[in-house]
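Below are two complexes that have chain A in common, paired first with chain B and then with chain C.
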Partner chain A sequence: MVRFMPHDHHHDHRHGAEDHAHALLPPDPALRVKALETILTAKGVIDPAALDVIIDTYETKIGPRNGAEVVARAWADPDFHARLMEDATPVVADLGFFGRQGEHIVAVENTAEVHNMVVCTLCSCYPWPLLGIPPAWYKSDAYRSRAVREPRKVLADFGVTLPEGKAVRVWDSTAEIRYLVIPERPAGTEGWDVERLAALVTRDSMIGTGLARVPEDAA
Partner chain B sequence: MTGQMTDRPEPVFAAPWHAQVFALTVHLNESGLFAWPDWAERFGAGLKARGLAKELDGGEDYFSVWLEVLEGYLAELGQAEPAEVERFRAAWEAAYLATPHGEPVHLQASA
Partner chain C sequence: MTKVHDMGGRFFDGPVLPEPEDADHYPEAWQARAMALTVAAGACGKWNIDMSRKARESVVPKDYMAFTYYEKWLAGLADIAVETGVVTRAELAAGASDGPLEGARRLTPDTVPGALAKGAPADRPSTVPVRFAVGERVKALRLAGNRLVPGGHTRLPDYAAGATGRILRLHGSHVLPDSNAHGLGEAPEPLYAVAFPAAELWVNPEHPGDEVIIDMWQSYLEPA
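This part shows the complex of A and B:
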């Protein structure tokens, strides 16, 4: 007899007459994932411990703070900025932010003339090592279809109004190339160090659906 | 104040199984079962097909498509046949129903 331990202990609460008599039954897709894990573990194709490490990494170690550090360094250090804009992949790898799927990271910079915005019209390609798991809206049909067609309207939905005449450039991510938007550095931050600057960099500002915080809001 | 996020943090994964199926896919890619672009291409096609029937909101339905595509891909690769997946799914369901509340759930392999 083979015994398998489940990986999670968060079960779907179902309130029925027979409730609490037995362990709470997870939703159907959760059982299907367990079935896949059981089959692949028995075949030696996967290592359940490795799955837990991946989940832990994405839940606790990877998030938009990584990207914010990259942006803040680009603002504070002209040499770093130059290297990042030339080829971001090795530069962010030096900071310990590796693309697990071997993708290239491309930094696109907002200026007074152009605003950059990122989408994945195919599915949800996203710079995971820098921003973590994408928010639900990034994965939605609505965003994926509208970002290219009507980026200004999408920006307005996010509360971003750009000056007349500023161009909007939309970058469509692929499995091979992920984009990181470098937002414009807010005024009044001269001489700030990386840590202080990073606090102004929001996740949305690195997708291009937001702007960096201004110092007054961050205080 | 430095280093402080005023954004309300969003849950990384809305449900535990979202994290499990995500990690499973990443792990299978890293262990060389498939290349990420091949996965992305199939997943993109799956989203497109489902999105025609109804607008996907990027939450639960997104990972439902993810799981469906992964099941199809694993069947195609000969790693997990649909009948086998259903057998183990049913076994897990039975195990949950047979386990007293509060105790760890074990799967008793029928083979």
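This part shows the complex of A and C:
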């Protein structure tokens, strides 16, 4: 059996009540995860085969196409739109989108006057059942620190410029409420069905760091 | 009382680096494993989501800043597993288990879909009366910090402490992280979305019409 050495820079804080147990794991992250998985498997706490199913679920079954369907339906169906804005959780659950990190959903809608944008400054809260695993930039220090203070400069990093008079509402997800941005429906899509509309809805447009694609780009 | 994870408004973090929407979520294979391991281990029922967040943000600041995202998850998982008695320090140091944990709930391939679909709703009935009405002006407590446990977990961001805003909506009553993260019970109370004008929060707001909306528990607020 391999015995791992704690990593060096932890030597100064390995004792006392605030002791950090993770420092006992090997320094290489791949070995760290392997060690934890080995221990927890032997303890009977996890089944490695369940990990494979979890990874596969968020790679192949749950992702931003779910959210795009919600947005497209909201654009296409006034009744769905009204119910979604009133209380989104049961409405998206009816489509099969519910569960871990999406237990309480609130839809916020972009208009000619207001642009919405979502962040989690304290960690990385994100509506998993609707958008899947968050992208790296959403979890980055730069996004978490800047989105609340200078959303327009952050939007510029995404190549997005808002019209002069439009206000920005940044939603900081500090609780278990998960926000879904409903982007503005692009012009020239009158009469389109849900499937066609959904193809215009990007992941970033549902976080608020992007806009929906226009028909010319989707051709 | 600043904490390293509470970074809203901080300067000098540089540009946000967008990725293509089809970019790999896990550039390295261990990252996927770390995600799934954390989700699966959480299902053992020995800790809750607030305890998980507390564990991640309690990583010493220099490690928190140096760790990549899923390294923070791994550190939090190792720490909380020890804190709750699921594993021992000796087992972590040895890289091997001393024996099975009695009574552990374990996800299996066939129970994963149901567990992920069920989630863990945070709304609860509460006896705490709703104090604020939609539209009412409120003030976030001037000092952001846990009132139950010194130095403990809270979800009141430092940048909003002392700011005046208005109640935008009531979300119902939700589990209070300041209590639940410390095993002190769920202590549900009313939760609100509170709108703060950017000028309340920043010396140089980008635009006079901008707002930041923050979910705040009732005990984070006082009348303005």
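Throughout what follows, the second predicted complex is superposed on the first by the 187 of 219 C-alpha atoms of A that agree within 3 Å, B and C clash if a C-alpha of one lies under 4 Å from a C-alpha of the other, contacts with A are read in each partner's own complex, and residues count from 1 in each chain.
In this section, a residue touches a chain if its C-beta (ideal position, glycine included) is under 8 Å from a C-beta of that chain, and two chains touch if they have at least 3 such contacts.
Bear in mind that the values here come from a model prediction, so they are computed numbers and not experimental data.
Q: On the A-aligned overlay, A:46 touches which partner chain: chain B = first, chain C = second, or both, or neither?
A: In the superposition, A:46 touches chain B and chain C alike.
Q: Quick check for you: in the superposed arrangement, does A:124 touch first (chain B), second (chain C), both or neither?
A: Both chain B and chain C are touched by A:124.
Q: Which partner does A:98 contact after superposing on A: first (chain B), second (chain C), both, neither?
A: Only chain C; A:98 stays clear of chain B.
Q: Would you check which partner chain A:196 touches, where first means chain B only, second means chain C only, and both and neither mean what they say?
A: first
Q: Contacts for A:214 in the overlay, against chain B (first) and chain C (second): which applies, first, second, both or neither?
A: After superposition on chain A, A:214 lies in contact with neither partner.
Q: A:139 contacts which: chain B (first), chain C (second), both, neither?
A: Both partners.
Q: After superposition on the shared chain, which partner residues are touched by A:27: those of chain B (first), chain C (second), both, or neither?
A: first
Q: Return first, second, both or neither, reflecting whether A:35 touches chain B, chain C, both chains, or no partner chain.
A: Both partners, chain B and chain C.
Q: Hey, what residues of chain A end up touching chain B and chain C alike?
A: Overlap of chain B and chain C footprints on chain A: residues 1-4, 6, 20-22, 24-26, 29-30, 32-40, 43, 45-47, 50-52, 54-55, 58-59, 100-103, 122-124, 132-133, 135-137, 139-143, 174-176, 202-203.
Q: Where on chain A is chain B touching in the complex?
A: Touch residues, chain A against chain B: 1-8, 10-11, 20-40, 43, 45-47, 50-52, 54-55, 58-59, 63, 100-103, 122-125, 132-133, 135-143, 174-176, 195-196, 198-199, 202-203, 213, 217-219.
Q: For the complex, which residues does chain B have touching chain A?
A: 1-7, 10, 12-17, 19-24, 26-31, 33, 36-37, 39-41, 43-44, 47, 51, 55-59, 62-64, 67, 70-71, 74, 79-80, 84-89, 91-93, 96-109
Q: Which residues of chain A touch chain C in the complex?
A: On the chain A side, the touching residues are 1-4, 6, 9, 13, 18, 20-22, 24-26, 29-30, 32-47, 49-55, 57-59, 62, 64, 98-104, 106, 119, 121-124, 129, 132-133, 135-137, 139-146, 148-154, 157-159, 165-177, 202-204, 209.
Q: Per the contact definition, I'd like the list of chain C residues that touch chain A in the complex.
A: 5-11, 13-19, 21, 23, 25, 28-30, 32-37, 39-41, 44, 49, 53, 56-60, 62-63, 68-71, 74-79, 81-83, 86-87, 89, 91-97, 99-101, 104, 106-109, 111-113, 115-123, 155-157, 159, 169, 171, 174-175, 177, 191, 193, 195, 201-202, 206-207, 209-217
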